[in-house]
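My questions all concern the structure below.
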């Protein structure tokens, strides 16, 4: 079976095989809560390695430990940042708790030459791209709107307007096509784009337009949707009454639902989708089926809209715990490994705590310089006027 | 019989009252149901009025406003919540090409009694897109009416009046004020008409125009100026489209000077229109050009420096001084 | 088989039956040009009555003659309006040539209590709603933006911004749900909405958001897409690489492709979809597969972008010719009938020609009155100022 | 060696030249390929540069601008065509939240060298949404630059300059002028810089400011005024954001009077900003308030009366008279 055959696509030639008018109760039945039979899984919640007819892969021990380390450190970043927010060092923080496998699986499937368009929650993917986690804090601390060079890391700035980045991703992928880095067969050269977005985002016009453009131009882009079941207080059922990955079928490209709490499966599916894109076979929709274990952000109060029992049941599917169980059961990591990792996490936490407070404060006068590549006379004048005004305080003192 | 309420509470009470008074009033938006909105303005409404009247919408602003257009055509009075100012733009096309034009297009046959509530302005330490002041763009659009409340009591009344209006109203709520100051609400009082401005502090030397979040700044500036012997009249514009120029012109004819203060970018902000109109109408009364204090002509900055970006007491007073010294 | 079973919907429970990665060449193969095997047809281009396992209906002779008359008169309106544009009486005209069956089939499937949201080309549907065709000319003559009361006719004003009306339709349908006129079982009471749009429009964010809202609320709305193969100069392949009706499957509601040049099939499918909506079973996507025989509008020059051979091949599928052949072959209409209809069409043409020129000119001062339901003082003042200005010419004469 | 060209031709030649000069320049939009655009501005380009560089887009404006953002991030210089002014709004969110802010958000790391071409203004007898003047909304948005050409020669040069700019430029083309007047283009000339205004007719009694389609009206008004012995200086603003105030202020300081003329609604239109700035800067030179002539504050009317809605020779002259008689 060739790579492209792994992805269920629409049957374009006839209505045959398509079902008839859906019984919504069925759609929302058990399949919605456990991911349904279509869920691609390689590692069960209990940490058992299972196999999949199309998406199986052999993982080296090193790779497995690497995934584990990535997830543990990513969670640490998240926990520290959440604490920093509680201590008033960040204005807000968007937790990824529970989504570590989805992000590390996707992030590790990338090659250097690929490009990522994240939302505001892709801390794990940023980690895989080599972005210093301290840099992620700036936006949430309010010292900047993002502080890395997207071109340098192949990782765009966090995007807050829901879904906007999916179009940027598609356009960027169209650029890759024009640059001749798609489908050449040269593994060092061929590249793809991954666009991250949430289940809620799937309702935005922009996201659906991105599907249309990507399909129309057969652009090398993977639409990676972390279906964490919630868009703030709204459950996935408000956005779609059928499994989200099926959205792609109506646009003429394949979709697949993977267990987003299973780092192995997420890796396998994402890398296959990316390879498909790099090979010039066009877009794929990957639905990483996961759960937002925390609040939407630190200012949210999920007790107003969801049951703690649901959260509890998802705790049993924790992405880190299951890989830990697997590593331990199979003797792939010893106590020393776990201890060392604990230390590393602690050091990372300390670095973040210290570094956060030391993040340089922005200066209002600098902002005038960032509006345009070629500064305008009128803005330069506005800046000068304000600078003079500020200086006047130094000489005269404030009114207030 | 008065209650002490915050702006958030006033808006919530106003919504509830409007829903009680008219079964055609619906509330729509993201997270307005169980959560009660991210600012809790719709708190408790879904519980009391049901999911048919307090509608959690899919995450798509154009869809929210576009379906509200259909509901309005069917005879409903949708009150749409846009979660934050910066997220109104996906709905911009529906607002300026459909909501604003339906009455005109149909020669008055189709009414568009819709309220689009937008928490606006900065000062809450938020990330990008959560602190915008988009009012000038809507005020530039014929067919829309645009108002901004500045205090709890106005919030209560103005929202009900906007809902009762047969025209579409963009209803701007200064989000930093939601939970800030309390005021006494007397529910048996008779409110002033919606599309009127109000002198909130009389004065004789200069007219200071503000709306929404800057009314508070303007009042503080007037107080500070008073300590220096300068009598500043403050007008809370309340309505941005239409403008209620009479009190403004009356005032400027008396004071000869005007300063406009808003959080929106100065370039092509409300201050530009006010300056143009005041100068046209009061040319010979003016002792100084109308001065404008507002957000700089840069995108909204990172929140640690937003108070530098926003017009504050000092910058307003500086403008007052410059005007008086002109 | 129950009504709802007629519409192919997604198979929500598994990937089973779904095909694998589409071969695009196949997708664009023969099925794209002849509508493919999934095309619902009751009357062939040759005028032969064929049967369909799910969408067959018995039509009375009267009904058949009625369809024929509707189509002939609709075409006459179109031809006259096109001529009026050539003579400078209209600024522009959007021809429906070739789409008569799609529009009459859909239009006649409506009940009084239903509501239509048209594009700018639904002259045939307007005809079915009883709107005086003269009123359609106003917009194109430039005397108004539409001159009927949408509430009176259950037919919205023409919408020019592509796709915007699909959301209005969905909202209106949500209003019907709240009014308790859906799924009551009372045929006089139960109502539905039909939203018209084109193949090009299917790419707009708004249209896809309409699908999402309609699915989410199970709103009683039929999305009726006239796939006339072109969006001005852009072929359908630019917008979708699979048959358009399949778009619906990804949103969780049924889609069906009907021969839009077959008035019987279009009627049958649309009325089934409308009934489904009225019964409370939610939205349906109907793709009426047809062809824009004329230019996009009278200002367009299709020779720049399409082959006349294609147009010729579609001429063989003319919607009127095939019903005429059927009527004649089966002796359902005699020469007198056709003669009388010719006369009626001629009279209609004359009425349009005369009426068009007599359409009242708009007056600029009136426009100030239509901006708001409650006039503002400032606009009243602007109007008064302009009125005074205009009067000054009457006394002093113009500068020019 | 000069050629006589229309505005449409000038723009077409300018695009062609830009594409020849820089392989990173792409053209995108609805019907820009085989059809050459509904106004034929991109005529012949796809034939010569291929489908990879002249891209027919799906019918979705947000998609067009949004993918152009991605292409720009990848190093391309997309030139986006919006088919008509009234259809830019579905892309409004991408334009004001993404295109305008990317450079700022990234502290200058990510450039956004994009041109958004918009045929704007009325006078072509079109149906609704085909005659809008959306410039004030873009000019109010920091991060965008906004220019309007008024004649064939400027069309040729300004478009190339806009494409060469590393900032996003909203490029407004007066559609009623596309095929109207011809002018002599000397391709070897050196154009003035893009973001400059130009005195197109000197005068001493009053300054008349116009851009895009109203430049022609302004010139005719100045001629008519001259026959009555009034010397009107006409400035073609060309750039709307940034404004090039120096020539404007110089002029008004000499004439003491200014009238601004545009097709956009007067309320919060460019005239408001110009009035405010002129009054701030030339307070003591002004002999009359800055007057504004523009589209009324109603939605654009049915086309049979569009010439009543649009500022015409008479209304401009009336404002000139009112200013001079003030």
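Quick notes
Note that the chains take the letters A, B, C and D in the order they are written out, and that residue 1 is the start of every chain.
The rule we apply is simple: contacts are C-beta pairs under 8 Å (C-beta built on N, C-alpha and C of every residue); 3 or more make two chains touch, one makes a residue touch a chain.
Heads up on the chains, UniProt names are A, C = Pyruvate dehydrogenase E1 component alpha subunit; B, D = Pyruvate dehydrogenase E1 component beta subunit.
Only a predicted model underlies this, so the values are computations on that prediction, with no experimental measurement involved.
Per-pair tallies of C-beta contacts place A-C first. Set against the Cα centre of chain B, the chain with the most distant centre is C.
In this assembly, the C-alpha centroid of chain C lies 36 Å from the C-alpha centroid of chain D. With centres defined as mean CA coordinates, chain D is found 31 Å away from chain B. Taking each chain's centre as the average of its CA atoms, chain A and chain D sit 40 Å apart.
Residues of chain B found to touch two or more other chains are 57-58, 60, 62-63, 86, 89-90, 93, 97, 104-105, 128-129, 142-143, 296-299. For chain C, the set of residues that touch two or more other chains comprises 144-145, 161, 203-206, 209, 212, 216, 238-239, 367, 370-371, 378-379. Residues 4-22, 24, 26-27, 31, 36-38, 203-206, 208-209, 212, 215-216, 218, 237-243, 246-254, 276, 281 of chain A touch chain C in their complex.
Taken in their complex, chain D has these residues touching chain B: 62, 86, 89-90, 92-93, 96-97, 100-101, 104-105, 128-129, 136-137, 139-143, 241, 264-265, 267-273, 275-276, 279-280, 283, 288-292, 296-299, 326. Here chain C touches chain D in the complex through residues 91-92, 120, 138-145, 160-162, 200-201, 203-206, 231-234, 238-239, 299-301, 304-305, 361-364, 367-368, 370-371, 378-379, 382, 386, 389, 393, 398-400, going by the rule given at the top.
Residues 26, 52, 57-58, 60, 62-63, 65-76, 90, 93-94, 97-98, 103-111, 113, 142-143, 145, 165-167, 195, 242-245 of chain D are the ones touching chain A in the complex.
For chain B in complex with chain A, the touching residues are 30-31, 33-36, 38, 56-60, 62-63, 86-87, 89-90, 125-130, 224, 296-299, 301-306, 308-309, 313-315, 317-318.
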